[in-house]
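What follows is a pair of complexes built around chain A, which joins chain B in one and chain C in the other.
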Partner chain A sequence: MDPLFQALVDLGQPATMLTLVLSVAIGLVIGAIPGLSVNIAVALAVPLTIFMPTTQALVLLIGLYGSGIFGGSVSAILLNAPGTPASAATIFDGFPMAQQGLATKALRISLIASLYGAVFSVVLLILVAPELANFALGFGPVEIASLLLFTFFVIGILSGASLAKGLLSAAVGMVLATVGSDPMLGTPRFTFGQTALMDGLTYVPLLVGLFALAEILEEASRGFSQRIGKVSLSGEDREANRITGKDMKFIAFPMVRASAVGSAIGILPGIGATIASFLAYGDAKRSARDSSRFGKGDLRGVAASESANNAVVGATFIPTLALGIPGDAVTAILLGALVLQGVTPGPLIFVMNPGIVYTIYLTLLFSTLLMAIIGFIAVRPLAMTLRIPKIYLMPCVALVCIAGAYVARNNIVDVWVMFGAGLLGFVFNRTGVPVAPLLITFIITRPFEEALRQALTRSEGSFMPFLTNPVTLTLAALVAVFFVLALRRDLSRRKTPASSLSSEGTNHG
Partner chain B sequence: MTADRVLAAVLLLGAAVYLGVLVPEVGRAQSALGSGDFYTVGPTALPTFAGTMMAIFAVAVLLMGRRTAPEVPFTQGLGGGLIFAAAVAAAAVLLPRIGFLPASVLFLAVVFALFRAKWWVALILTIVLPVVIDQILRKVFPVPLPGAALF
Partner chain C sequence: MTIAMTKRAVLGALACSLAATAGPATAQDAGWEPSKPIQIIVGFAPGGGTDQTARLIASSAQEFFPVPLVVVNRPGASGTLAAELVAKAEPDGHTLLVAGGSESTSVPNHRETNYSLDQLKGVLRVNREHMVIVTKKGSGLDSIEAIVERAKENPGELAYGSSGPAGVLHSAFLVFANEAGIDLKHIPYQGGSPALAALLGGHVDMTIITPGDAAAQVAAGTVNAVATTSDRAEQIPDVPSLSELGYDVNVENMKGLVAPAGTPDEATEYLRSRFKQAIDSETFATLASRANITPSYLSGPEFDKAMSDMSNSIAAALEGGADESESSAQ
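Entry: the complex of A and B
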């Protein structure tokens, strides 16, 4: 059967459709609640995907990812607190609009912009990913090892506010990935006689700890707020909140530019939606003829920020699918989930599993459309979710973390791995060390080691194949450029708070 | 000394132990097994590279930490985080011993009591949520959580 048709048939299964609807609805709610980010939603869903067919697993994770980013704008606009860091730039104009009685209009503009950005990036994904994969099909062990080492450095350099801290996080991820049997000879490494560690540190408890438990510990350190967000849309002037053709014309150009910025950022590993939305917001402000309204409730500000952060979603799948390199923390989680399903992302996926690729394309499109429908109808009920106090929410999520870590392998060791990862994530967050490089490097280390050792075994230990390879040399030059730019940034900073500049690299979005 | 530099110092120490004690141990284990007559890159190559990277970047954070000090003091509200972490650790200890349902009921009851939640909401969640999670995992995904010795 044609892979596209097969993907459509699989998506049309009642259980899969129900999963899609539920995941989009849950993603919207989780994204809307400050403190529960998209990363947490996707991390908590991964243990369940182990027991699902591949299509249903992908639908669950992608549905949560796409809708969660938009959900973040709800609290950004209504509460002046972004549900996910990716929506932080939406506050600048979204909250002033809400204060002027235009919250519904801001939410709908945010929805339209999110829809546009997401579709833009999915189209780009469909056009670019197969071409990139086709190019990468010619890669041997030397090129693959070089590309993965390039990812290690780029993620470390570009994630977070500090070059050294990003790279330290990536190095810790690499060290953690060396636990378990050596991939070539099967020699046990750092297992301390524990059979449970022969397969290495398990990915599911690690990511649940790093992303979910660490955030809950952070909330616990703030005493779990019992405050109920005061949100009411009932007194708004419906006429003033209607979106007109003039409004659409007003936001069209900033949306296109922001989607392009978001997609470009999404393709680069490790930067993510937060930086994209801030860059697009700055770009929209600079390129506007009259920028005096920005920061006071300008539609273009909301549109630019939301288009950009949603454009990252599809674009991050380009390196993930074509090269097997995750674009951000969430695609790293998705990549790990695909591996758990027995599918290895990379250029061969387009040849070996075209049905999976089509499923991802279609799920991204369907979940975006569904997000638009649910988001449009349920803006007011969605606003109500902001009233849930964290004191009830967070301990319940912690219990789900414990159960999720355990069910991955029915092993109590995994609960302890989750606990340790949670403490590590908490310490990293508190010290301004980004978490995303650790997870991404943890995932790419095994294929990196395999490729590196294959290449070196073939050359009998000589590094000459690396030093004479054009792909390696080009990537090395790019790393050098990124490194110098980031070092200049760090050295020019006298004492800038790391947390104020933190990006996707932190435990948030 | 700021918290990020303390972390870097701890990781530097960890890298030293990793490179100085653990990696050579793997090398010795591999030597005992042998690798035949053909050339192969040993299992210590990547750990050596990873440990060296960790040491180098830990030193870099130690040197540059002052410029990128975190905004929130490390110790701010740490007590709440530690109490919650202790509750999670206790739940992990109890899970295989008394089963998921009793362990999770105790976990929620202790956390809600310590963080002063409204008693009636806490009571409902403490009783209902563990049962819901247990039943979903048992019925929808046939995954049994550790058996309940007390129920």
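Entry: the complex of A and C
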């Protein structure tokens, strides 16, 4: 029998379909819980798959992975607490939209963008996986370091309301990223003898603290006053939350660009969905004709971030299948699960096990469609969360944050990191220092340092490889242009101080 | 410093509370019996190789134990976080660590750790994973002789990718370079997979992968498998070992169970005999062969000796100045 047909038949089994529905639904919920990331969900599901048929095992794991990323945007939009790190950039416009009574609309935009990004990358995976994978292999430390430096400029410089405060925030993020063992020598740095800090400050607790806990503290300092007039659904105009053809046209171009960015980043080793969504967000803001609404509830911000992070999902399967090298932590777990099934992943998987490859393709597509269906049904009930009075809702969120920070590594140190980050975020919000640059530099610094030092070790300290590399030169030229533009913008803003005051009110942009 | 001390105390207390929730430890005479769930601590994230091995062992051994076997992940710092935890845990036979890899034989030789191999006591070795040195197809480095020759012509020119500083991959290359009297450049990556990607992209000249991966990549014509770092592996029987090529290298990734050093012999013997029954079982054999795991039993004391021999050979290579930047950084 034709392997494609066989894969379809296997997927059509009632038990497999049921597994798919359940895993997509569970993935949405776990993704939406701040601190519980997709990685944990997929990893914990692996032991369950040992005694399952291969198709069912794949369906379970892939279903969790795909829907978990969309789930992350739900809490980002509703609670200012990204459910997964990849949804951090969704906060910038998603949460302001929710505060303006447009929660349902933000969730729908997120769903459409997620669907688009996911399908975009799966189509790439099916059509050109081997070609793209081999192209991506050519990206060595020199190219990766240049790309990360470029990312830093695109999103770091452009996202701050004031250059000085933006740089302050970015500097703090960079310092925090140096905690942990030296990437080349393994020597501990700023760990104060704590083995738990050898891997650096754990990312999920830091993120949860900076956004969710800071928001809870902010609310607490206002006595959980009900600004709910703005937020409640009763005051929410159904009409305002409808997605119109004009909206679709408005987000179409940013969505295509962001899906391309997400796919490109997803193929490259060691960068990941979080950086992809930030980069796509920065790109959407930079390329927009009128970017003044970004950070205050622009549809395009939500669309860009969510289509990029979902595009990463399909794209990480490109090196995973074509080369047998996992594209990220989740696909690594997936390959491990395949090994337990007695399937050896590798470049020959297309020849040896075409059935497995088709099953993965089909599961990615089906789970995306299911995610869309379940998502559309769930959007309104989810938005109801905002009807719960803050005095009850916020303590529950705080509890979930604490549990989530602990569960990330079963380590109490991470809970303290979250509390520290929460206080820091609170102080930043109060003083008008944007939190985003801190987060961005924190994420980028470590892979950047690694790539830079790998490149310099190879060249024995010479920067010549950077000066002769076409990728590097192109990116450097772009960075120079952006830098001058940002500087000019900041200088012109300084001449008209009134406008800068109003834009400093938005802390997350 | 005091902060570090208190935090360490907190960690210790946590370890104790994990280890001692129910009644007092049972009598230490011949009739040792577990009195509460046995925790099997894994120093790596769920879903990884070590985690999988642990879960295979636990699920096939459960039927031989009167108490639940619980796999607990305490990932961090190349597995040393968990090793430290178990080394300082209550030695009552209810806390075990999956050991035998980087955290046991390699890392403590490279940097200061809050535990040493002596603070852990072997229960049994379950399996060993061979490590295979691979180079890119078409690079001309199709044998160990070619590598050594090239390295001697251009000292410090050839670079190897590792899974991270101080890990067992890094150490294997150090021992080999020291034995061969050559100078290789070390480029660490975040795990073995990125290192393999770097090899295929031509950014490093060699790296180490598992025999299963090596077989798959060789079949696809992407890499040369030049040698294993211990003895021949059954998945790739044609690939010679470094020792038969005349280099005294024996480094590999072992997996087994260890307990805190003070654990009474009665307890470790009880555990050993039951886990041994498990790895001899039909269930384990089926699962292990599917998952490319090569069972290789050793008793507790034999496992201890195997680990300390490996650790000593790595220590000797480090003293031999195979990696000067490393030793000066200490």
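Assume the second predicted complex is superposed on the first by the 273 of 509 C-alpha atoms of A that agree within 3 Å, B and C clash if a C-alpha of one lies under 4 Å from a C-alpha of the other, contacts with A are read in each partner's own complex, and residues count from 1 in each chain.
Operating definition for what follows: a contact is a pair of C-beta atoms (placed from the backbone, for glycine too) under 8 Å apart; a residue touches a chain by one contact, two chains touch by 3 or more.
A quick note: this is a predicted structure, and the numbers were derived from the prediction, not measured.
Of the two partner chains placed around the shared chain by superposition, chain B is the only one that A:422 touches, whereas chain C remains out of contact. Of the two partner chains, chain B is the only one that A:398 touches; chain C does not reach it. Contacts of A:131 after superposition on the shared chain: neither chain B nor chain C is touched. Comparing chain B with chain C, more residues of chain A are touched by B. Look at A:2: by the touch rule set out above, it reaches neither chain B nor chain C.
By the document's definition of touching, of the two partners only chain B reaches A:221; chain C does not.
Touch criterion met: A:325 reaches chain C, while chain B stays clear of it. Once the two complexes are overlaid on the shared chain, A:141 sits against chain C while remaining clear of chain B. In the superposed model, A:345 makes contact with chain C only, not with chain B. Contacts of A:412 after superposition: both chain B and chain C are touched. Once both structures are placed on chain A, chain A residues 182, 184-185, 187-188, 410, 412, 457, 460 are touched by chain B and, in the other complex, by chain C. Contact residues on chain A toward chain B in their complex (touch as defined above): 48, 51, 156, 161-165, 167-168, 170-172, 174-175, 177-178, 182, 184-185, 187-190, 213, 216-218, 220-224, 226, 391-392, 395-396, 398-400, 402-403, 406-407, 410, 412, 415-416, 419, 422-423, 426-428, 430-433, 445, 448-449, 452-453, 456-457, 460-461, 490-491, 493-500. Across the complex, chain C is touched by residues 39-40, 42-44, 46-47, 50, 137-141, 181-188, 192-196, 198-199, 269-270, 319, 323-326, 329, 332-333, 336-337, 339-342, 344-348, 409-413, 450, 454, 457-458, 460 of chain A. The residues of chain B lying in touch with chain A in their complex are 3-4, 7-8, 11, 15, 18, 22, 26, 29-30, 33, 35, 39-43, 45-47, 49-51, 53-54, 56-58, 60-61, 63-72, 74, 76-81, 83-85, 88-89, 91-92, 95-96, 100, 104, 107-108, 111-112, 115-117, 121-122, 125, 129-130, 133, 137, 141-146.
Of all residues in chain C, only 1, 3-4, 7-8, 10-11, 14, 45-49, 51-52, 55-56, 59, 72-78, 80-81, 84, 107, 110-111, 113-114, 156, 159, 164-166, 185-191, 193-194, 196-198, 200-204, 212-213, 215-217, 219-220, 222, 287, 290-292, 325-326, 329-330 touch chain A in the complex they form.
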